[in-house]
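The structure is given below, and queries will be raised subsequently.
When the chains are written out, they are named A, B and C in that same order, and each has its own residue count from 1.
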Amino acid sequence: MNETITADAAAARPRADGAEQGATSRQASAIEMQGLHKRFGRDTVALDGVDLTIEAGEFFTLLGPSGCGKTTLLRILAGLEDADDGRLAIGGRDITEVPPHRRSVNTVFQSYALFPHLSVRENLAFGLKMRGMAAAGRHAKVDEIADFIKLGDLVDRRVDQLSGGQRQRIALARALVCEPDVLLLDEPLSALDAGLRSQLQVELLRVQKRLGMTFVFVTHDQQEAMVMSDRIAVLNGGVIQQVGPPRAVYEHPVNAFVARFMGHDNLYSVTGRQGSRLATALGELIIAEAGEGELLLIRPETLDLLPGEVAGNNHLPAVVAERLYRGSHAEYRLEVGDTTLQATLNNRGRHLPEVGDRVTVTVAPHDLVTLSE
Amino acid sequence: MRKRTLKRGLTAFWWATLAFLYLPLAVVVLFSFNAANSAASFTGVSLRWYYQLMGNEAILSAFANSLVLAITSSVIALVIGCLIGYGMYRHRHRKLGWLIVLIYLPIVLPDIVFGISEMAFFVQIHRLTGLLQPGLGTMIIAHVTFQIPFVALIIYSRFVGLDPTLFEAAKDLYASPFKRVVHFMLPTIKPALISAFFLSFTLSVDDFVISFFTAGPESATLPIYIWGAIKKGVSPEINAIATLMIGAVAIAAIMSLLFSRRRHA
Amino acid sequence: MAYNGVMPSARSRAMVREARHLLFTVAPGAIWIVIFLVLPGAYLMGVAFMTNGPYGLPEMPLSLASFERLAGFGFLGWSPGNLYTLLRSLWQTAVSTGLVVLVAYPIAYYITTCREKWRPIMLLLVVVPSWTNQVIRTFGWMNLLAPGTPLSGLAEGLGLIAPNMGLYPSNFAVTLGLVYNFLPFMVLPLYAAFEKLDTAQVEAAQDLFASPVRAFWHAVFPQTLPGLLAGIVLVAIPAFGMYVIPELLGGGKGMMLGNLVATQFSGGANWPLGAAGAILMLIATFIGLFAMRRIGKRLGGGEEVVI
């Protein structure tokens, strides 16, 4: 399953082969994790056997609710936490036992962690200085990265004069200037307001594409994960639930947890099946690929509403219980017998049924997916 | 109306209290310039007591002792206290109650109990082993003991005020353990180090009781010398030394004011 | 899927590393305090239960003789001298602490009513005298209170003291010296309390209660209580153990417990008796600390009195 999706991703993704030979470009490195375990104290299991391969030059996202282990996994990659068991290799080199200051890995921290006793320029040069680069070389490198990230005159300010968004960019530049094999980002945008956040999402994505560097990104926001990532790993309870490109994870979640986490509510138990016919609380539905799963997922945007009662396959009679008009689209809560169903309709100038209207819900067989609990 | 009367009364009380606080010091300064050999009457301005100081071997050596004691003890306390402060921070999630008790002990113990305990102990150790001969060495030990807690608490609170991910950022940016100390920790806590050193220094210069009980015959500090002189009978010369010490404090006060102004600017 | 392995070696290595770090950072200071304060303190306690030797040094066998002497039982039967000293210490501590509160409370309040830019300077003015050595400050009072000075003359004129006696040495001079010495220790915590004062509560109280006295008592005073208690701890404990001020300003009739103890280790030379006095002082100190903590917890709301 993992392999097929990896292959898909490699085919689908515009490869960074032609990555600019810019300031900070460097051979990207793949990451291999095998059987990583981590416990805190006696009882808290943070990671329960993680096997994962992250391709070179990938924008890879670890997605999950708080406490799912995603941050622990990132910290193990950084070397800030030691795994209790398992192996970790970057670029083919085993670094399980290598301390953080000897790993060619840098982190953008959630709190940015800029050194308050240093100027912005000194913050940017810190990693280079610790690696023993001479002052002249550091200065040139810092100017180069400041140009690349478009920091402008921020370089000559004091840290306490910076806004949140500026700090975020300085933190990114501070990590990138070291030209690491892998860049780790720990919810770097979560402290910013919505507008700035989406602006920086785009900026971050562009930087990654231009550098062709391997990025590992941690977030709990599935929208953000889908916008940014080449591939996503969804974690829960220290176990990877699913790995794949955003479309695969969103449209073909492997289990109820992933489906719910990706925002799906229309999940129905399959009470009986006969070939491609499934019996559910909604009624009988025909599915293109029957699968083994005991749950049926119906994505709201795949539904269509016809006025009045129309008979046919995959035609369900329903009553509009609620309508949320959102301009570009409208969200419906429908009552089909005793069960409810969410539907989203694009606003393409057509008739939008009102609350109380009797309608018929239709869905194409190839839009239906079954999955296991 | 009543509010304004209250405010006026308080203002008067404030100035009266200031007079109360500075009167004894002012008298000392005034009489240090007194031409007469009397504390009761001021007969004219003269610098004779200051000239007398210059030639007084005992005072000069007491001054040197005070300085050596304050600087040496502050440096030692800074090193030891810094380590404890950092250890307390780094291991703050452990149960360190015993350490807190140990650290507060020198602060809450009455000076006199502190002083005689050490004196009695040092005397007996000296009788048994020949070590710890009363003198500057024993005084330094005693001063370091009461300075450590203050240094530790200042350093600890500085660390607690930091973003803990800064430590990780330093590791992440290729700083080895040694470089983390030199390039991250020490520069970050520099203001705390400076104020810890000056507090230690002030505590040392300010102390009389503990010095008095742990001193040897050759190691009198300025306060001990003054104490002895007072006990022998008030001499106007004491006013002159005391005035010099008050002057040093005044300079320190002005400097601290300027320092805090600059930091706020 | 659940992971049930034994404690892995990476983890135990990290624990060893952390333990070594704790030892390396904390041990030097902890050992220093144990050797140079805890051991001497323990030795002193032991001394209190030994017999006084011919040169004032402690000897075996163990006895309670020094406590009996401390209570006043000597070769010549019972005498109240030591008891008076103890009572005087308590009395001086109580009176001077009370006076310090009476002076410091309005001063701390006054500073908070002044403009913000003046406040640090005003606090500095209150604190600076305490930066000079205690001996020098006390010496200043000796100059001021000696026979023939204007202050003594005034007191004589008012008939408060006998002619040519001067205001020092006396118990009054000791009280004055204590108040002078400890005033800043009370102003600082009270100032901190006043600065945090919730003015909305005071205004509400002025609305609810007719008299300003009741408004103060119900809205202002409880809010300053934690600061007040902290100040009392900072003043009363060192005042009870004071040595310099009674020694210089008090004369023979102004002796406090600190002087009684110190004398046994210098001139008088009876170490066990002095050690017994020190134990008494320690007990008083810890009772004081404990009582203030208890009262502070009960009255101070969430805020604990921190020393």
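We take it that a contact is a pair of C-beta atoms (placed from the backbone, for glycine too) under 8 Å apart; a residue touches a chain by one contact, two chains touch by 3 or more.
Since we're looking at a predicted model, the values are computed, not measured.
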Nearest-to-centre chain - CA centroid comparison: B
Looking at contacts between chains, which pair has the highest count of C-beta pairs? B-C
How far is the middle of chain B from the middle of chain C, if each middle is the mean of its Cα atoms, in Å? 17
What whole-Å value do you get for the distance between chain A and chain C if each is reduced to the mean of its CA atoms? 61
Would you mind pulling out the distance in Å between where the CA atoms of chain A average out and where those of chain B do? 58
Chain B residues counted as touching two or more neighbouring chains: none
Chain B contact footprint on chain C (complex, rising order): 18, 21-22, 24-26, 28-30, 32-34, 36-41, 43-44, 47, 103, 106-107, 109-110, 113, 120-121, 124-126, 128-129, 131-137, 139-144, 146-149, 180, 183, 212, 237-238, 240-241, 243-244, 248, 258, 261-262, 265, 271, 274-275, 278, 281-282, 285, 289, 307
What residues on chain B touch chain C, complex-wise? 2, 7, 10-11, 13-14, 17-18, 20-25, 27-28, 31, 39-41, 80-81, 83-84, 86-88, 90-91, 94, 96, 99, 102-114, 116-122, 124, 141-142, 144-145, 148, 152, 202, 205-206, 208-209, 213, 222-223, 226-227, 230, 234, 238-239, 242, 245-246, 249-250, 252-253, 256-257, 260
Applying the document's contact rule, which stretches of chain A touch chain B when the two form their complex? 78-80, 99-102, 105-107, 109-111, 113-118, 126-127, 129-131, 174-175, 178
Okay, in this complex, where on chain B does chain A touch? 162-163, 165-166, 168-176, 179, 183-184, 187-188, 190
Complex contact set, residues of chain C against chain A: 1-3, 5, 8, 10-11, 14
